[in-house]
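Residue numbering begins at 1 within each chain, and the chains themselves are lettered A, B, C, D and E in the order written.
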Amino acid sequence: MEQLIKKIKGMVHLRAYGKQRDDLHFVTVDKAQLEMILAHLKNYEGFTHLAFLQAVDLLEEGKFRLIYMLYNYSTNVNLGVNVLIDRDNAEMNSIHKLWAHGWQYQRELHELFGIDFPDSPRVHESFVLEGWEEMPPMRRDFDTLEYSNRTFYQRPGRSTNDPAEYMKEKIYKNYPAAPVIRRDNE
Amino acid sequence: MISTLILGIALLIIGFYAMLTRKNLIKIVIGFSIADTGTHIIIVSLGYLRGKTAPIIDGAVSMVNAVSEVVDPVPSALVLTAIVIGLAVTAVMLSFIVEMYKKNKSLSIDDYQELKW
Amino acid sequence: MSIWTQVLYAAISVTVATVYGLTLGGIVRKIYARVHGRFGPPVWQPFLDIIQTSSRRVSVSHGNMFLLGPVFRLAGGLGTYLFIPVIFGSALFGNFSMAGDLLLVMYFVFFGQLGMALGAGQGGHPYSPLGIARGLAQMSAFEVPFTLAVIAVAIQYNSLNITSIVAAQQGSFLNWTLFTNPLAVIAAMISMLGMNMHSPFSIVLAPQEIPIGPPIEMNSGFLSILQTNRGLFAAAKLVLFMNLFFGGATNLLEMIAKTFFIYMFSVFVGAAYPRFRPEQSFRFFLKWPTVVGVLSIIYIAYLGGVS
Amino acid sequence: MSNKHIDEIENQMKLANESLPEKECSLFADDRPTTVGAFNKYYEGFLNWARSRSLWMLAFGTGCGATELRPLMTSRYDMSRYGIAPRPTPRQASVFVVGGYASIKTIKRIIRSYEQMQGPKYVIALGSCTINGGMYYDSYNTINRLDYYIPVDVYIAGCMPRPEALIAGFNRLKEKIRAGECEGMNEYVEKFDWYKKNQKQIIKDWNMPDYNW
Amino acid sequence: MVSPIYILVLSLAAGFMLSIFDKGGRRLSLTAFYGVLTFNLAVMVDWLYRLAFLHAPTLVINTAGFKAPISINLELGITEAFVLLLTNLTGLLAAVYLFKKFKESRVSSLILYLLLIMGVNGLVMTQDLFNMFVFLEILSISTFALTVLTKNSKTLSAGFKYMIAGGVASTFFLLGVVFVYYFTGSLNLGFLRAGQFTDAGMIALFMLAVSVFIELKPFPANGWALDVYQSVDSGIVSVIAVVNSAAIGFVFYKIMPLLPGNFLTVFGIAGVITFFFSNMMGLKQDNAKRLLGYSSIGQMGLLLASLVFTANSPANIRYLIIGGLFINHLISKAGLFWLAGIVKEEKIKDWTILRNNKPLLVLFGLFIFALSGLPPFAGFWAKWEFVKVLVDAKMFFVLVSVLVGSLFELIFLFRWFTNTVKEANSELEPMDPPGKGKAFSAISFGLLAVITSFGIMRFFYEFNWIQVLPILAVLVITLIDSLPSKVKGFLSLAALAGYGYYIYPLLESNLQLFFGVIFIVGSAVNLISTLNRKEQSKGFYGFLLMMIFSFGNLLIASTYLEFFLSWEFMTISSFLLILRGQKAQRASLMYMIFSTAGAYLIMAGFSFAPALTSSSALILAIENVNLPLISIIALAIGFMIKSGSLGVHIWLPEAHAEAESDVSSFISAILLKAGVFGLLMVAISYISHSPNFDVFYWIGWIGVLTALVGAFMASFQEDAKRLLAYSSMSQVGYVVAALALITHLGWVTSLYLAFNHMMFKSALFIAIAGIYYRTHTRTMYKMGGLISRMPWTFMTVLMSIIAVSGVPPLSGFGGKWLTYTAFITKGWYLQAGVLFFASGISFLYLYRLIHTIFLGQLKYEHQNIKEAPAWFIIPQYIFLGGIMAISMFPNLIIEPLNSIAMRYFSSSIQINGLTVISDLGYWNGNLVMYVTMAVFAVPFILLMLVKGRTQRVKQFNIVYAAERPESPQTTHVAHNMYAHYRKALGRLTLPRIQTFWNGVAEWAHTFGGFFRRVYTGNGQTYVLHIIMYIVVIYIVMGVR
């Protein structure tokens, strides 16, 4: 794995590298070099499978982090390739030519985060939200409660209980406290 | 008579052989001519009677005993006609060859196979 | 017998048969439930269902053919039943069997199926024609052994007249076709599995793949007619089988007893086997049952099976 | 009444179906549903009794609560003894069990299916989500109150309710039916415009006729 | 009264003078040229008139003042005069055809042409062998020279090959002449007798005969001729193919009496082989003129064979055969060569431009029909009689070769014809208008063909006018073709009524009457649907009337020939009707090929049949005829081809599907019944005698399997008409199978089914025609939901499919009941089982038909279409009325059928009131109908009670898994509807028979392609062929 990271370092500007587990690593690369490195990883390093493509809204930094999670079947290693893109007018190159199913993720990201992927097939069609008109709902500055209150009819008298406390009070009032089971790995 | 007959047949066969094996158009016509000549010799030899003379009634053969002295005149008459006809056919053939040579600049019969099947 | 007496008798006979057929359906559901270890619905649940569907206040129709589809279906069931003499020697249950013989009955079966297919077709739902296509194809397959069996019976009794076929089986139970011509009975009983469309031959309704198939658009009153027919038609088929192969019946009790056991055959097979795929089903009927049917004809016609 | 007048009234009876493309307008029925009243009391009572004993449930799992419907069919809980049977098509079903939270996308299908059921028809709403949104009360795409979109006969609270609770709910529904209180079908027609307004407010991509016959 | 010697004199003189005349201008020389040719013709007309009508004695002209054998004498008998008349006529017309050419070319061509004609005249008339040689050479040399009338590399090389071959042949001829003289001392044919030739003399005769034979281009020593035919100018080649061949053929005819029997047999067989192989090789040919060359060679071979094999026949028959073949060859071949010159396209596929010129197209068709030996042209009669002669002489090898060869010829000719008429060709170049002379010649021969045909029919066979009526109908309709289509339609209907009125008294038996109803009444009702035609429909009604009249004539035909003639008329007219379809090229060709194969079998079958003893209609007279087994088999297969039985059915779906939609109903509902009628005829003869081989048992199996396979195939069709076509095949399979039972009940069944099929299939085809008229598609999955747009048509289809399927209470059930009862009574149990299987499968295709068209989803483009026009609806409901009538009152039809069958068998059914009782069961159609109505009413009332308030919804209001349908196209289940069935049993529907016939065609083509490789194009090889051929013939004949 170190070799691979070295190789990547030699090829592109590696912004960051992190190891989460033995089989899960993350690298962060530049937006412009993403496609190249993905193609390389797919074609030469055995990361043939795009497990998912997901975005994280880094509201404070004004960025989206896109995570291309790749998987290598022969070594059973996951490699997340991260790239940071601007939050305003977010736009990214499509990777549907590398992984045909990528278009579906990109369509989803477009709908939920408002990240545009020009050239990606059917990217502007609605995905799960049929006829959504507001700000993309997964952006963190979207106030979902406010939206819910505005859109749906609330039933008055709603209250919330912690289920454990509630059950203790209602059902198990007369029972002794449950024994704490100690687990070895704790 | 037999010898001329054999000669005729030989010429006929030579002629046909030439027609079948030579590639040159002119040679084929020559073959045809030889065969034709062979035919003519066969005709004459069939009409020939040993010790008799040509069926021309002149001083040598009198009118009276012509029947006993001359060979059968009919084949001779036939042959004259046949020679003329053979000549005509040969002439037409040669004229064709001339025209063919003009058109295609070749005298080989193998070059005239565009019509087939 | 005047025509009105006949009509009255026919009405009584039809009512009895329908009630009987529906009850049988209820019993079957009960049996299935008990096999599963459940309590199961009450035996009269089919009647409740019919009342429920027919008491819907509104219904939806896709057109005249859709409207007539269930009518055709029930008319087919009624017709089939009405041309079969139910109880041997009984005027009450003799029906209109003087109008035609076994062939008429066999072809009248198609009347309802064709009409239903047309009605369902006008529903416009893609599952309907899918189910019908399966049903017709399966029908063409299971009719082969059945026909061969019927031909064998016709040869055996030298008649296509159901009454005389029954008459020839009277006397001792050894005279039943079941014992005189067992091969034909085997072929016919296997094809009955297909006819009843129980599992493993339930490819037409097939709730998982093509949710209930042809009647998918049928609703309210239309559905209640179909349910009624299900009871009546089941009874008609059973009576036909009883007449052809099991010596017929001389009284109502005998009829009920015999048909019940005939029906149980397909029920038990259905409870035990999973469903075929369509093409497996067609191939199945055209293989062994057909061979058995041919053998039965050979046995009867050429090997002197008729004693 | 003049012909013009009759035409006008008839036009009022028709639905606009504005969200359909023009070429499809002729492919959908555009009639407005009407109320159909009960028969006389005693006969209707008999029918209601039969209806309550033969509840045909639309086997359409709209949310996570539908998981609880499966055990209901098994030998342990055996709903068939109450005359409850699943039907694969809304045309034949009489009870619609809404299985928990209903996202906007799902509510559109719920409305379609509900309208395609033939009345009298009943709705059992399953789980807290259908009552007030439950744990999804603040979600941007899950409705909070089902009864604003279709008439609901019985709510079964819980997250999720156990099969026993479901049976209890069904029994409650039976009682209501026998009491002749389940007129959701007519209610829907009477408050048709209100329901449609609510529905259309959240379903932006309508793309179906205003009433799905 | 001019002595024919002047023909020679004048021709020769004119030949010399022409070059002088030409100095005075081409006009003058041309006048002289045509003058001489006209003079020749006039002399021959005069002489033929004298010899034939004034019974003048044979003219003998002695030359040089001596009598034969001293002098050369000419003879002009009636045969000579006849041949010369035709050859001179062809010569003149060919010259007219070549007018433009002659005007421009050097005068020597005129001279050569005159010499050629003179050579022909001399050759025919002369009685002296050597003189014959001289004329032969004159003919040859002038022909050689004329081949290069248009000079190019091709003609030159072809001419050269021709010369070499001709030279070799004439060498042998000369040798033969001399040897004859050597052995007999005489050269005069009149004085030579066969007996004079000793064994040694045989060689002389052999050389003589074989060289003439070589000149007649036997296979395979004929490559040179083909090259000439292909390359040389059409006008000249018509002369070579027709006039030269005729003359040389006549030479052979003249020396025939000298030849011993074994020689003749060998020559005859060689002729047949030539005919067979040249036609087989023609299959592969795509060059029009070379194709005609193959055909010419074949025809000459046939002519030779007929010369040889008819030697023992009565004179009038012999002259009909030889003369018929000769005239036919002469007219059609010359005509076609001329057309080839007019069209100026080498490749067959380029002949489509002929479509631009309708009269020429008609002419082309005329010549093709004549050449194929179809009636009413001379070749037909000749072939009919020739086959009879061959059968009588038990020359089966020759018979088979002649028939198969003829079939090959027909195949390539009709491929050419259909290609010309129908081949899809987007850019149709305009055709140059033909020169006046060219057109004149061709048209004259077209007229001649018609005149000779009528002559033969009128004077030789003395046919009643009714037998000729089909042809007359075509002619009359052609005359009034400019009238609007509707007027013609009504006139045709009136004509049909008149015809029906006329033949009604001629129908002596119920059987004829029954088929008369199917043929005439059925056709008349079907004809109503054609009244919808908006366009002019040129020729359509002519062919239609021709077909219907031929049907009628089949019923009243009283001799084999009349029957066969009507049969062929029916084939021709139906072929032409099918050909009118848009893409009917392949379909019509296949139809023609199969029909003709069938016709040849029928022809052979009739030839084997013993003579008729009574003069009533054939269908009745055949009772007393004991047909031999071979005749029964041949006839049965022939008729089964027409009824589309399994194995020979592949024409059927194509023809039904591709014919125009209002024609298909005729083909299916009525044409197929003609096959049944024929088969019935065979069966009638069969039952009254006790044959030792049970043919009909196997026919029964074929019928049963036809029913099964037809039903299978129908289930997997996407094309509505193709589906109905296979359905027709299946239904007629039932008819044939029931007929093959040869029992009373079987025949009742068969006729019942036939009648029923006529009605419902007509109704269905007309319904589909109406739908096609509105939707412009036959592909079923492109339709759907039409029930709301075309309810009347839907009703027809619904009733019809109930009638087809056999569901009570409609008439179809009667058919099923009768069928099974009949089969079980007969003891054909397994067959009954298979039939039941077939009837089960029929539900599949019937449902597919009605569902995919009428039910399901209506397509966007059909949202606003209208009901079919009334002209389509009216006949449908007439047929429906018929179906309802016999459903309600089956006795209406059962009783007559019972009486028909009782003529041949004792009755096996009782009719008790309204109940039909068989040995096995009973059936009361009337009661069933009432019960059905009642049981239908009960649920209906019930439904009305329980259905509540019903909302009528539209097509997209379906429970689509809580979604809404995307589009009607994707929601309509129609395409490959029985995919699962195909998966299970689709192996049974593999087109094995199609593959088999494709294989046969492939083999024939391969053989043709293989054999024609002998024609290498090398002149030397051709010489080798000739010499080898002579050697082989020599060995075969065993000349010592």
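By our rule, a contact is a pair of C-beta atoms (placed from the backbone, for glycine too) under 8 Å apart; a residue touches a chain by one contact, two chains touch by 3 or more.
It should be emphasised that the depicted structure is a prediction, and the values quoted were computed from it without experimental measurement.
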Shared chain contacts [chain A and chain C, defined touch]: D
Remaining touching clusters (ignoring chain C, no chains moved): one piece
Central subunit by CA centre of mass proxy: E
C-D or A-D - the one linked by more C-beta pairs in contact: C-D
Most widely separated chain from chain B, with each centre as the mean of CA atoms: D
Gap in Å, rounded to a whole number, between the CA centres of chain D and chain C: 37
Between chain E and chain D, distance of the C-alpha-averaged centres to the nearest whole Å: 71
Whole-Å gap separating chain A and chain B, where each centre is the average of the chain's CA atoms: 106
Centre-to-centre distance between chain E and chain A (centres being mean Cα positions), rounded to whole Å: 78
Numbers and ranges of chain D residues touching at least 2 other chains: 36, 89, 91, 116, 118, 207, 213
Contacts with 2+ other chains: residues of chain A: none
Two or more partner chains touched - positions in chain E: 948-949, 951-953, 955-957, 959
Listing of all chain pairs that touch each other, if any do: A-D, B-E, C-D, C-E, D-E
Residues of chain C that touch chain E when the two form their complex: 7, 54-63, 65, 67-68, 70-75, 78-79, 82-83, 96, 98-104, 107-108, 110-111, 113-114, 117-118, 121-126, 128-130, 132-134, 136-137, 139-141, 143-144, 147-148, 151-152, 154-155, 158-161, 216-217, 220-222, 224-225, 228, 278-280, 282-283, 286, 293-294, 297, 301
Touching residues (chain side chain B, partner chain E) in the complex: 12, 16, 19-21, 23, 25, 28, 32, 35-36, 39, 42-43, 46-47, 74-75, 78, 81-82, 85, 88-89, 92-93, 96-97, 99-100, 103-104, 109-110, 112-117
Residues of chain E defined as touching chain B within the complex: 130, 133-134, 137, 140-141, 144-145, 148, 151-154, 156-161, 163-164, 166-168, 170-171, 174-175, 177-179, 181-182, 187, 223, 226-227, 230-231, 284-285, 1012-1013, 1015-1020, 1023-1024, 1027
Residues of chain D touching chain E in the complex: 23-24, 26-29, 31, 34, 36, 60, 89-91, 109-110, 112-113, 116, 118, 207-209, 212-213
For the chain D and chain A complex, residues of the former touching the latter: 104-105, 108, 131-133, 137-145, 148, 198, 201-207
